[in-house]
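Look at the two complexes coming up: chain A is in both, with chain B in one and chain C in the other.
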Partner chain A sequence: MTRPVFGRGLRPLAITTALATAAAGALVFFYAPIEADQGFSQKIFYIHVPMAIVALLGFVAAGVMGIRHLRSRDRSWDLRSYVAIHLSIILGVGVLVTGSIWAKASWGHWWRWEEPVLVSFLIVFLLYCVYFPLRFSIEDPDRQARYSSVFAITAGAFVPLNFVAVRLAEQVLHPRVFSQTGGDLPGEMFLTLLVSLVAMALLFVTLWKLELSAKHAAQQLKRLRARLELQAERRAEERVSVGSPS
Partner chain B sequence: MPDPVSGAGAYVAAAYIVFVTLVVVYVAIIGSKVARIERELDALARLVEEREP
Partner chain C sequence: MTRAAAAILCKDLRIELRTRESVPAMALFALTVYILLHFGLDRDTLDGDLASGVLWVTLLLATVLAVNRLFANEREDGALDGLLLAPVDRTAVYLAKAAALFLYLVLLELVAVPAFALLLLAPGLGGALPELLAVLLVADLGLAAIGALVAALAAETRVRELVVPLFLLPLLVPVIIAGASATEPLLAAPQEADGLGGWLAFLALYDTVFVLVSLAVFDFLLDD
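And then the complex of A and B:
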């Protein structure tokens, strides 16, 4: 029996994630007050903002994993980086769609091109969409892992720079959640946001480990099949050499 | 609490449905991959058993 490499502790983590998600849902709909300005549509905030923060942190974490891969030449770090980017892209789709729904509910527009927060997130998202064609256009596994890590590091460094640039830019419509004054969030709303953020981070780690363990199992299976085929070929060659006259 | 199927409630429901759909589809895809790996592993195990004398 093989030791689970990436799936270790997945079950308790999944249970904790389910409990945290349920707690976040209960706080959003039964504890956090209705916001005076936006009304009930502000409830989208508790899913949109944690998704955006976790997606961006996932991109940065993928860059750190890329550094670990380049330093150690251990391809499992490249796999970790790839899965983190994959998950962050999926969350990014969620951020863009829920953001558009919230914008329509609050501002009456699906999208505002003059708003730096929206456009900068779209740029980051599109930048990472390039990662997949780049990765799968390279056949040699070592080169693929190396180039993907370089991309993950470069793009990962762009994420905090982009965040600072948006902070410095003039605010049009999109609110700044974590400002120097604490974002002006009342205590109940801030607690609900924090629990939602923890639940989203736990969900990210759970899905990351799930995908990693599935990919690792697929790789192990491929290696096992290749070894069995090689053994079968060797046995066939041995039979031929034994059967032939010397 | 406002009527969940009209006005702001419809937007909130749509946003949360998008999130749940993303997670469910993702888990379903990973689940189907794991099921395929299990089938291939079973086939390999049978192959090894057949080869052993």
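And then the complex of A and C:
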């Protein structure tokens, strides 16, 4: 059985990620203009929005990996799906915190129910938080992988539906137009957002591969250790049977 | 497959008829929530957004109760293995469980909605019953589809009691958004079906997505 090597290409990827992140940072602070209305605090937008987009794509991708696991019965796809959800949850904390800070800076409140993206994100975040207790309450590894994949697929299908629902509700309750990301941004801001988004996506993939290879190595180590112990036991048994007089 | 599903459904309904475990508990729970909300909100009568919100939150919480019990008999007596030994499609189990949950929800609403009108609804607002019924039935379909899947997912885990509400309720947020928004104008003073069609269409989309997803993945939950 050929084991997938998750760490392949990690070094060039990590270097690219570092360069892209540095470029994004430079663009955010030295190139993108200061927003007239919100001032300097609007710069958090270049972290908040890419994090939100990448986290949501991570959740949906985890669902697709779940489908691949159920189709191929290859448990490495479940591991991929699990790590993607794990990282997206971590990014999700960042999205909620930066979103809250941004809301405080520009509207004076830590939380705004009128902001559909933030509200939908909270719902999705709460939903995915259940993944971990569910996953780790199932001992049988095969069943754990299957149930986790079913969760990832169901929740992945829920993510876009939830966004539609929350947006519809906001339109009915608060009929006002928000300028959406990328819609009417000036060119410099849009370019900065784009580079930040690429940097965030690269960071996600790098961390994903890193965690995958670490988890894979830990599994290998566990397997080897078990084999070693088995051999040691066998050797001890042989010694006993050879040494005993009869 | 329909015959197998019908047989499993009959079995579930017969058990429910004899033990009376799920539906009466759901109805009593709904009444209790009304009392809690009456004192919690300190209001004798409700209308408009508050009325539709109270009604929907109560129904969704009662749904959690039924979902928790949906696989209880199979789990406690190890009957699921027997069911799986029978040469029937696993989808039949899903269809039967979803249909049972749907019937439980309809029965619950037969009690909980009139009780709501009697206990909490402002007088003179009972006229929009047909529209309300349509919204409830379309929503029940989605609740049953997703509820049966969550019930099966949680049944085999150690943290069942936690997984069911924590997984189910976020998944039902779109239902309460659509349901409560569609019901709100029906329970407000000038009764009108404002935006009803759009919300019904959204609920139908939700139902379709989760029926399809559940049918696709359910087999893998019972696969050993």
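Definition applied: the second predicted complex is superposed on the first by the 217 of 246 C-alpha atoms of A that agree within 3 Å, B and C clash if a C-alpha of one lies under 4 Å from a C-alpha of the other, contacts with A are read in each partner's own complex, and residues count from 1 in each chain.
Everything below uses one rule, namely that contacts are C-beta pairs under 8 Å (C-beta built on N, C-alpha and C of every residue); 3 or more make two chains touch, one makes a residue touch a chain.
Given the structure is predicted, the values throughout are model-derived calculations rather than measurements.
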| item | value |
| --- | --- |
| Which of chain B and chain C A:240 touches, first, second, both or neither | neither |
| First (chain B), second (chain C), both or neither touched by A:154 | second |
| Overlapping contact positions on chain A, where the chain C interface meets the chain B interface | none |
| Touching residues (chain side chain B, partner chain A) in the complex | 1-2, 7-9, 11-12, 14-16, 18-19, 22-23, 26-27, 30, 33-34, 37, 40-41, 44, 47-48, 51 |
| Of all residues in chain A, those that touch chain B in their complex | 29, 39-41, 43-44, 47-48, 51, 90-91, 93-94, 97-98, 101-102, 104-105, 203, 207, 210-211, 214, 217-218, 221, 224-225, 228, 232 |
| Residue ranges of chain A in contact with chain C within the complex | 70, 123-124, 126-127, 129-130, 133-134, 137-138, 140, 142-143, 146-147, 149-151, 153-155, 157-158, 161-162, 164-166, 168-169, 172 |
| Contact footprint of chain A on chain C as seen in their complex | 146, 149, 153-154, 156-159, 162-163, 166-167, 170-171, 173-174, 177-178, 181, 195, 198, 202, 205-206, 209-210, 213-214, 216-217, 220-221, 223-224 |
